[in-house]
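Got a structure here, written out as structure tokens. Questions coming.
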Amino acid sequence: NLIERGNGRTLWRQTSGGFLMANDVALGAQHDATRQLDERSIELRRLVVRALDGGARGHIGSSMSLIEIMRVLYDDILRYRADAPDWEGRDRCILSKGHGCIAQYVMLAEKGFFPLAALDTFCRRDSILGGHPEAGKVPGVEASTGALGHGLPIGVGRAMGLRIKNNNARVFVITGDGEINEGSVWEAALSASKHGLANLTWLVDYNKVQSAGPTDEILPLEPLADKLRAFGFAVAEVDGHDIAALRRVLRSVPLDRERPTGIICHTVKGKGIAFAENDAAWHHKSSINKELVGQLYGALETR
Amino acid sequence: NLIERGNGRTLWRQTSGGFLMANDVALGAQHDATRQLDERSIELRRLVVRALDGGARGHIGSSMSLIEIMRVLYDDILRYRADAPDWEGRDRCILSKGHGCIAQYVMLAEKGFFPLAALDTFCRRDSILGGHPEAGKVPGVEASTGALGHGLPIGVGRAMGLRIKNNNARVFVITGDGEINEGSVWEAALSASKHGLANLTWLVDYNKVQSAGPTDEILPLEPLADKLRAFGFAVAEVDGHDIAALRRVLRSVPLDRERPTGIICHTVKGKGIAFAENDAAWHHKSSINKELVGQLYGALETR
Amino acid sequence: MRPACVDKVFELARRDERVTYIGSDLDPPIVKRMKSEMPGRAWMEGVSEQHVVGMAAGLAMEGFIPFVHTIATFITRRCYEQVAVDLCLHNLPVRLIGNGGGLVYAPLGPTHLAIEDIAIMRALPNMTVVSVCDADEMKRFMDQTLDWPGPIYIRLAKGYDPIVSRAELGFKIGKAIVMREAAGGKKRVLLVTTGVTTTRALEAAEALEADGIETTLLHMHTVKPLDTAALVEHAGSCDLVVTVEEHTIVGGLGSAVLDALVEHLSGAMPPVKRLGIPDDFAHKYGNQDQLMELYGIHPQGIADSVRDGLRRRAA
Amino acid sequence: MRPACVDKVFELARRDERVTYIGSDLDPPIVKRMKSEMPGRAWMEGVSEQHVVGMAAGLAMEGFIPFVHTIATFITRRCYEQVAVDLCLHNLPVRLIGNGGGLVYAPLGPTHLAIEDIAIMRALPNMTVVSVCDADEMKRFMDQTLDWPGPIYIRLAKGYDPIVSRAELGFKIGKAIVMREAAGGKKRVLLVTTGVTTTRALEAAEALEADGIETTLLHMHTVKPLDTAALVEHAGSCDLVVTVEEHTIVGGLGSAVLDALVEHLSGAMPPVKRLGIPDDFAHKYGNQDQLMELYGIHPQGIADSVRDGLRRRAA
């Protein structure tokens, strides 16, 4: 069913599964705040708190908004071998918003890339798990990120390389929303589109908050779907905390056989920690004491 | 009259004056190749050749595609005082595609910012006129450009500064099309839109050719108007060699009182030199001998 | 040092209406102050360092003095061409405030460490590079930024560093400060330091004094332009010169010192040891102090290097 | 040198299927060759240096050896953070071919001159910096790029420069080449050069020989890693060391030489003069030779500096 938008300019198509598909047109999927997180989502968040506790610091809001995206990727979508992280047939998953790495560390540990106990060493001198993820140090991490705006160019290169090798593995790049203020992202988007990289999927963790405040105040991104589309991506929008919807949209990738896919995931920064949700003040804490750790665990219990 | 486009997605509005206005929607104005250049346009191009001759080198195609844009700006639109280039009330005109500088040098010389004879010194050791324009050296040049993608960020800063000073001068930034491959341009576009800089106008010299070939091959930009619009600009498209149409659209700036204006000028690289038109091989020549100079003058006579 | 710096921007803005402030998605508390204390002249821009530097250039062209504030490694690496062309080539009075110079962001890994910022900023004509040692000195320095003509790169340390600077020694951009002077002992060592390595080296000097080793400590808060006169004056009569920086040993303070000494003391060069970060990315996380220790630029490491240098000299 | 370099990329690509080529809107004739000679493994990308370096990193992560080719100042300045993080931190075998190093683009003004490219590339861990002196040497060098592990910055000169390199002297990345050796005269000078200053310095050496001044010329095609052993060996016995580079005197070859000499010849340092581009943007246009003359890094200027250095030494 095609629905015309207010200004008569864009049309969107509501699918059965709670996300919006758009080969050419789409807008509007928002996060449904009334849906409850399930036990697995809560447990993964507990592991995030475990790492925050281990490092006594970390990007709280940035990691929490990513959980369902990473969970669905590692549970249902990505091909990989935890015991052979460099397996040539693996899908390449690049967390471009490297500061959200705890969410990825948690999934990698859970899947057996390294022991869960490593989470306790987060950010410590001799840890493999730094405040940003480093390839070569952390099994399963494809690129050392942390400087924003690097993942999509690298993803384009990898997707081109896979194409040359006739390797049908896919590349997934996850950026933040503030991150895509960076021009390098748009440079890469133009190139991905030029090369028709259907093996490349760009997910935006659209939590509407960047480091210093709401994106609407710091640097508004709307109309975001129009931007991706104008830069040559086939676009879908999805509630980034809705497991079923994420599964469905990610299983339908590529959305178009001749274009790269862009998936705008509507999320909540700090999701699951009521007092931290939607608040830039919880983007990062350089000091997390036991009391706060307790509050974080406590907040998860009330969900 | 609203005309629907092939795919039913975008609409455009044809105005009486040969350009396309679009507060929200526009596409399609193309250059009309059958229209003749008038004598003034030919004479300005002769001055370009004079500089090319003086320097025995230069960006031929890049300068020729700019002539009508620069001519209308300096003849009809910009406020300035040739004898007081730093006059606080002047409009700020930033040639971001600095490699097209001969087109600006010609206009500045013609308007008396410096003697026409300076054109003969182009690129020479002690000249004020280098292969890219330098502020502080060339009266009337607002910023030293040549590295692509710098003009729009600088223009945003100037427009913000003018706003603080309650100075109603306007800022015009002219970029190439290949130039806007640079991410810095899109970073600035987001910011210009955030700040609602109605005193800023961005003109794209959309000649469809960059340094190494056609933009469609090197890095396709379509749908270009959609890109500008999605980045928050009020957009118009115009035949960039049609004096009357350029005048009309530039006189109607700002197109929107709360948004920056983007004007996509459909042009022909090398315009006026039949053998050089639309051909990346004539983007730049590092050696121009007298014979070629003769051919360039000759080509202008046949228009 | 960071609050002192930002406070000063607001104070200067109250005094001088040319002052403007641009953040790049950095510090939420600042946003609020900006809006109340300098409305219309302060902005929190996005994560777009290239644009932000160009925008600052545009403001400076219109007569303003913009202070641009973000993380040190991003304001130097990510927009290097904009710094070179928009700021240095135009020689505009833009001030770049780089948060977390050196190893401050140790737990965040190598993408966040600013280890070659001084090297690449010094390589640019017209750039001034300043790295003060504490919050008090920051205030004295900031007062002088209004009248300094070209661009300045301001390297911030971690913040809440101990105060070792002394008001009575004054402050002038480009003028080194003698923080302690060797008494007329037998073994005379010149320590040349910048930023918080000054603090570390002062501690080392105390320990050395207990061993009878006399040190002069020249605090080079301004790495560019370098105070060659002060350097040559103190180095000439020394048995050993040791430079200490929280920065790669390639192209930073140590190299600047060598360039100057070789030019002016040709033939009569004292031995020079350059301490700093080896030419490598950090392989450890932890904290700033742990990495400084790893690299031997903590008080103990500095003292040991001095002793070792003197031993070699004697041998 | 530019055609020699690009030809070699195509030749290597024929030999080794890991080789890929990325242009950044540069050279139309290359586009055609790319398409015919290495279809599917060569691309002409747009004017987007940041992306192009990231893309090359991605290709290298997939096992390829990408050669990225664009103008020297843009491939070093504009994407500096990508070079630092994507290439050097990951230590990937990407080769950056920088067109028009130094003053080649003199008529195009300071935005196009690469005057601090060596300084900023050297400041990065894992980076190799190579600046050969002519097209023949370029070929010998390029043959070795297949097996070199990390990133390489390749600084190109103008092209069609006279051939002065000699096949019999060999070529090894990181190994300096003695282009001429001082006979046992009284006044012995060591010239240390890179890129086409080698050619200029050879001419200067001839002129000096006529005056009875014996020079050894050490061609440092590889500025990083520096061949410290060769340098120390030849410098130790000299009356004067003169470094010559088409590059700012801040942080380039001259500084690298000082760093090494001070470390290894501490106490027994010969006087060193560093010739290069002063710490300033170009104020003139014209051509490369005119600017080299202006800065005294043409044969006559080099010879004069040597004579002057020896005079001071004697005084």
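In this document, chain identifiers A, B, C and D correspond to the written order of the chains, with residue numbering beginning at 1 in each.
Here is the rule we go by: a residue touches a chain if its C-beta (ideal position, glycine included) is under 8 Å from a C-beta of that chain, and two chains touch if they have at least 3 such contacts.
What you are looking at is a predicted structure, and each value in this text was computed from that prediction instead of being measured.
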Original post:
Looking at the contacts, which chains touch subunit B and subunit C alike?
Top reply: A, D
Subject >> Intersection of contact partners for subunit A and subunit B >> reply: C, D
**OP:** Find the geometric centre of each of subunit B and subunit D from their Cα atoms only, then give the gap between the two centres in Å, rounded to an integer.
**Re:** 37
Original post:
Which integer distance in Å separates the CA centroid of subunit A from that of subunit D?
Top reply: 42
Original post:
CA centre of subunit C versus CA centre of subunit D: separation in Å?
Top reply: 29
**OP:** At least two other chains touched by the same residue of subunit C: list those residues.
**Re:** 45-46, 48, 50-51, 73-74, 77-78, 81, 85, 89, 110-111
Subject >> Sites on subunit B at which at least two other chains make contact >> reply: 144, 147, 149, 181-184, 187, 190-191, 194, 219
Original post:
How is the touch graph of the chains shaped: line, ring, star, complete or other?
Top reply: complete
Original post:
Can you name the residues of subunit C that touch subunit B in the complex?
Top reply: 20, 40-41, 43, 45-46, 48, 50-64, 66, 81-82, 85-86, 89-90
**OP:** In the complex, go through subunit B and note every residue touching subunit C.
**Re:** 135-136, 142-144, 147, 149-150, 152-162, 164-165, 183-184, 187-188, 190-191, 194-195
Subject >> Interfacial residue positions of subunit D with respect to subunit B in the complex >> reply: 23, 25-28, 30-31, 44-48, 50-51, 73-74, 77-78, 105, 107-112, 284-287, 290
Original post:
Hey, which residues of subunit B end up touching subunit A in the complex?
Top reply: 7, 9-10, 24-25, 181-187, 190-191, 193-194, 219-221, 223, 226-227, 229-232
Original post:
What does subunit D use to touch subunit C in their complex?
Top reply: 73-74, 77-78, 80-81, 84-85, 88-89, 110-111, 116, 119-120, 122-126, 248-251, 254-255, 258-259, 262-263, 266-267, 269, 271-272, 274, 279-281, 312-313
